[in-house]
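The two complexes that follow have chain A in common; it is paired with chain B in the first and with chain C in the second.
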Partner chain A sequence: MTIRTEPMTVNIGPQHPSTHGVFRLRVTFDGEEILQVEPIVGYLHRGTEKLAEERNYTQIVTLTDRLDYVSSMINNQAYCLAVEKLLGAEVPPRAKYLRTLTAELQRIASHLVGIGFILQDLGTLGTPLMYCFRSRERILDLFEMLCGARITVSYMRPGGVFFDAPTDFWPALDQFLKDFDTEFKEIEQLVLENEIVMVRTRGVSLLPLDLAINCSVSGPVLRASGLAWDWRKMEPYDAYDKVEFDVPTAINGDNYDRFWLRIQEIHQSVRIVEQCIRQIEPGPVRADVPLVLRPEPGAEAYGRVEASKGELAFYLVSDGGISPYRCKIRSPSLINLTVTEHLLVGYKLADMIVTLGSLDINMGEVDR
Partner chain B sequence: MGLVHLAGPDLARQLEAAVADSVEEWNDDAVWVKTPSIAGVAEFLQADPVLDFQFLNSISAVDYIGYFEVVYHLTSFRQRHTATIKSKIPGRGESIVPSVYRVWRGADFQEREVWDLMGIRFDGHPNMKRIMLWEGFQGHPLRKDFL
Partner chain C sequence: MNCVLGPDNILHDTVLYRVVYEFVGQLLPCWLSYLIAGFVIMFFLINAVLLGAAIFSWMERRLIGKFQNRLGPNRWGPFGLLQPIADLIKLIFKEDLTPRAADKIVFAAVPIVMLAPVILMLAVVPFAKDTALANLNVGVLYVLAVTSVTSIAIFMAGWSSNNRFAMFGAARGVAVLISYEVPVVISLLGVVMIAGSMSLADVVNAQTIPFLLVQPLALFVFVAGTAAELNRTPFDMAEAESELIAGYHIEYSGIKFGLIQAAEFGGVVTASAVIVTLFFSGWSGPASNYIGWLWFLLKAGAVACVFIWVRATFPRLRIDQLLALAWKFLLPVSIINLFATALEVYFLRDDAGSLATSDLWIMAGINFGLAALSILAFGTMIREKVRPVGSGDASPSPLGVSIAESS
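Right, the complex of A and B next:
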C-alpha cells in the first residue's frame, strides 16, 4: 500500500547560514525530495548602478569593492578596464603586472572561500574551512600592506593602481607562496580524495554543457561542464598575455567537478603570481590621467574580466560629464543562479545546500 | 588571440536578409534592430551556423530620455566572435519589447531586472515580475526621472 504525502513548501533563508548571505529559496518538497524551487533575491540591493550615476569615475572604484566582497580586487580591475576602454587610456607595464598579481591573489582567496564553504555545507563543521581561511588570511594581510585595507581594497584606479607596492611587500609575498605550497597540499590531501566528499558530491546536480551555455553560465561553473572558455585567455587584458597558464576543465559538471575545478584553478593562479614576480620591472604605476575624468560624449565601453565567479563586466555609457550616464554591471553570480531550478529539482534537501555552495554565489554581487 | 567583433553593414545585411525589414541602422560597434523583430533576429543569430551566437553575455537598458535603448551583448564560443545588438524604444510610457527567453534562457533574470529597474516589459517572458525590489514598489529607479 502506498501512502500519499502532501508536498510541503518551505522557505530557506533569507536568514540561513548555508545561503551565504541574504538569499531565499522557496522550495516545495515531497518528503526529502525537491519538487520545485524558486530563488528570491534582492535583500542586499543597494542600487549600485544608480549610485554610480551620481559619483565621478574615480569614486566609483569604492562602489565596486562592495559587489563581490570576497574578490574586490577583480571588481576594481573590471571597472578600471572598462573606464580605460572608454578613455582609450594606456596603462604602464608595472601597473599591469601589479593588477594581474593582485587579481590572482584575490582569485586564490575567493576560491579558498568557495571550497571551504562547500566542505562546511557537507557537514565538516569548522575544521576544513579554517584550513582555507588560514591561507586566505595571509592574502588579506598582503593586501593590507598594499593599500591599508583587507576587504574593501579600492587599490586600482583608471590608468593603473593607486600606489606602488612597499619594499617589504615582496619578501612577504615570497614567504606566503612558500608557506602556501605546504598549506595547500595539506588541504588537498584532506579533501581531494576524501571518501565522504566523493560520495556526497559525485553525480549530484549535473549541469549539461548546452544548458549551461544557453543559461549564460560563466566561470568555473561553465568550465566544470566541459568548455575551456576563460576571458583571460580569449581576450587577454593587463599582463595575462605575458604569462603562461592552463585553463582546467572537467567533464561531468557535477558538484564534485565544480569543487575540484576551483582547486585546480588555485594552482594556475599560483603559477601566474610566480611569473608576475619574475617579470615585473620598476617603473611608473599610474598613467598620467586627470583626477576628474571626462570621456567623450556618446562614448561607450563594455569591459569584462574573468572574475572568480565568472564573466564580470561593466557597460559604461558617457554623456561627456564627470559621472557615467549609465553604469550597468554584468553580475556572474546572479546569472549563474539561472540554473538553480535545473540543478536542484529531483535531488534531496541535504544536496541542495551543497549544490548552492558549488555554484559559489556572492549576494553582494547578485543584488548589487 | 582575441575575438573578432562583428558589426557594420556586413552583419546588418545578414540580419536584413534573414528577418525582412528588421534593421534600423548600424555603425562599427553595433547594429540597431526594430523592436518588433528582436525575437526573430535573436532566433536567427543563435540558429545560423556561421553567426552561431549561443551565448548571451548581458542585457542592458539605457534611458536616453527621448527613448530607451536595450542592448544585447553576444558571444559565439565556436566561431570566436562577439556582437552588440541594440534596439530603440521611443516614448516614456510602459514600453514593451519581445522577450528572448525562448532563445537564450540566460535572459530570465536579466529581463526581469530590466523591467524592475528600468520599466521595460518583455512580452513572452514566463515570469515577468520584479526581481530586486519588492512587489508594490512604485516606479523604476534607473529611469532618469526617478528621484
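Right, the complex of A and C next:
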C-alpha cells in the first residue's frame, strides 16, 4: 500500500531559535527529509560598506566591530592591516604582539560560542553552552580591561593599537590561561566522546574538498574537509611569523569534523597566546600616523586575515580624501553559506539545524 | 444514617475515602456522602498533581541552574519557592490566543486531554500503607492505558493548531509514543509476574527487596521509555526547541500553555511516583507504617532528580535513531528480560506460587548479569546501525571538478 504524501514548504526563520540571527531558509520537506533549500539573507543589512564611504579611516574601526560581533578584535585587525597597507605604515613590534594576542583570545571566544551553539542545536538544554560561555566571559573581562568594551571593542587602530595593556592585565591573563586549561578539559570531557553527539554528527552533511574549494569556502569549514589552508601560515601578518602553531585538519568534512576542528584550534590559539606572553617586549604601541589619514589618491589595498570563521578581507580604494572611495568586505560567513544547499538536501530537519550550527555563520557578517 | 463501606467494596481499602465517607455519612444520605467523599478525594488528587508539578518545575529550574553555573529563579519567596505561583499568575493574565485557522473546539480541548491522564494516573498509586485513592486490582494495566491518552492529546494539538511546526511535532510525538509503548509494557510484565498481581499495592508488598535489584533491565527500559513518553531529553522529539521551536504546543499561549506545561511537569511527578512504586518498593522503609509517605516522597524526588540530571546533560537523538533505539534495542532487551523472569519464576516459586526473599536475591544475581550482557550485546549491535550509511567516505562533487593535491 502506498500512502499519498505531498511535500511541505516551511520557512525556517527569520524568527527561529537556531538560525543564529535573522536568517531565513525556505525548505521543502518530504516528511522529515529535505528536498529543496533556498537560503534568504538580507534581514540584517545595515549598509556597512556604504557607511564606510562617509566615515574617516579611524571611525570605520567601529563599523567593523559590528560585522561579526562575536569576533570583533579580528575584524579590527583585518581593517587595520588594509589601512596600513594603504599608507605603507610600519607597526611597532609590541603592537603586533598585542594584536596577535587579542586576536587569538577573540578566536578562542568565537570558537567557544561556535561549539556551544552546535551543542545547543543538538538539543542539550544549554549546559555545554553555559560551560563555554563561562570561559568566554573571562575573555570578555580581559577585553574590558584592555579597552573598556566587551563586545564592540574597537581596540586596534591603523598603525597599532589604541592603548597599551594596563599592568594588571598580565596577571589576569595568566590566571585565565591557568583556569581555562581545566575549564576547557571539562567541556571536552562532556561533549567530545559523547555517543549521542557522535551519532548525530558523524557522516552528516559531508563537504567534499573539491566542492569546498570551488565554492571558495574558507576557515574551519575548509580545513575540516582536509585542506591545511590558513592565512596565518600562508601569508603571516602581525606576529604570526614569530610564533609556532599547527594548522589542524580533519578528513571527512562532516559536522563532527567541523565541530572537532574548532576544539583543536582553541588548543592552538592557547599555544599562540602563551608564546606571545613570553615574547612580548616593552615599546611603543602605535606608529606615528596622523590623526586624520589621507592616503595617496588611487591607492588600493587588500588586507586579509584568518578570522575565526574564515578569510576576512577588506579591500580599500582611496581617492585622496579622508574617507575611502570604496570599502569592500569579503565576509567568510556569507561565502561559507554558499554550500548550504549541497550540505542539506537529502538530510533531515534535525540535521539541518546542526549543519547550520557547524558552519558557524554570523548574520552580522553575512548581511553587513 | 450510618453508612459503612463493607470489606467487599472496592473502596474499602482506601482509608482516606472510607474515613470521609463514614464521617459525612453520619449526617447525610449515603448516596450524597458517596459523592462528597469522591469530590474530596478528587480535590486532594488534583491539588497533589498541580502542587507536585509546581514544586517540580521549581526544583528543575533551580537544579538546572546549578548544573549550568547560574542561579535559577531566586526572587520570589525563600529560594525562589514562590516562582511557580508568580508564573501561574502571569500565565492566567496573558492573552489567550487562538489562531484563526485553528479547529477551535479541538484546540481548546487539548490542555484538558493533556492534564487529565496525568491526574488519573496518580489515583492508583499508593502513597503510604493503604492510601491508594483507588486500589484497583488491574493497577498496572490502568497506568499503561491512561498514559497512552497523551499521544492523542499531542496529535490533537498538532492537527488543530494548523501550523506546520506543530504538525511536525505531533507526527514525531505520536511516532515516539507508539514505539515506546511496546517495550514499556513488556518490561512491566516481569514485575507483574514476580509480584503475582497487577495491583500496585500488591506490587509494593511483594518487594521484600526493591525490584530495582531484581529487575534492573526492566527498570532501564521503563525509565528510558517513560522519558520518551514524557518528551524529555534525549527523547524530546515532539518539542525539540532548537528544531521545532516548541513543537506541538507552538500556538498555545496564556493559561492553555500553562496547563500543558503543568501536564508536562506533573507527568514527570506521576511517572516518578509510578517508578518508585514499581521498582523502589514504594512507601516501604524504616517505620513505614507511620512515615511511609515521607519515604515515598523522598524516593519520588530522587527519581525526578535523575530525570532533571539527564535533561541537563544529554543532546537529543534524531527521530530515526530514536525509533531504531526503541525497536532494535529496548524491545529485544525487554523481551529477554520477560523470558528470563518467566523461567526464573517458573523454577523458583514454591507450591503456593509465591517467591521467598532468598529466591529474589538469586533472581537479582542472575538478572544483573543478564542486564549487563544484553545491554552490552545489543548496544554494540545497534551502534553501527544507528550511524548513517556512508560515514567517512566523501561523495563525489556535483560540480565534477577535483583538485590534484592539497598542500
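The working rule: the second predicted complex is superposed on the first by the 368 of 368 C-alpha atoms of A that agree within 3 Å, B and C clash if a C-alpha of one lies under 4 Å from a C-alpha of the other, contacts with A are read in each partner's own complex, and residues count from 1 in each chain.
Rule of thumb we're sticking to: contacts are C-beta pairs under 8 Å (C-beta built on N, C-alpha and C of every residue); 3 or more make two chains touch, one makes a residue touch a chain.
Model, not experiment: these values are computed from the prediction.
In the overlay built on the shared chain, the residue A:Leu51 is in contact with neither chain B nor chain C. Once the two complexes are overlaid on the shared chain, A:Leu227 sits against chain B and chain C alike.
Touch criterion not met for A:Leu177: it reaches neither chain B nor chain C.
When the two complexes are overlaid on their common chain A, residue A:Leu119 makes contact with chain C while staying clear of chain B. By the touch criterion stated above, A:Val41 is placed in contact with chain B alone, chain C being left untouched. Touching more residues of chain A than its counterpart among chain B and chain C is C. Within the superposed three-chain model, A:Ser216 lies in touch with chain B and out of touch with chain C [touch as defined at top]. Contacts of chain A with chain B, set against its contacts with chain C after fitting on chain A, overlap at residues 211, 213-214, 227, 229. Those residues of chain C that touch chain A in the shared complex are 64, 67-70, 164-165, 168, 233-234, 236, 240-245, 311-321, 386-392, 394-399, 401-403, 406-407. On the side of chain A, the complex with chain B involves touching residues 41-42, 45, 47, 49-50, 211, 213-217, 227, 229, 233-236, 241, 300, 302, 304, 311, 313, 315, 317, 325-326, 328, 330, 334-335, 337-338, 367-368.
By the touch criterion stated above, chain A contacts chain C in their complex at residues 8, 10, 16-18, 32, 119-127, 130-131, 134, 190, 194, 196-197, 199-200, 202-204, 206, 208-211, 213-214, 225-229, 251-254, 342, 348-351, 353. By the touch rule above, chain B contacts chain A in their complex via residues 1-3, 29, 54-58, 60-63, 71, 73, 77, 80, 84, 104-110, 113, 117, 130-134, 141-142.
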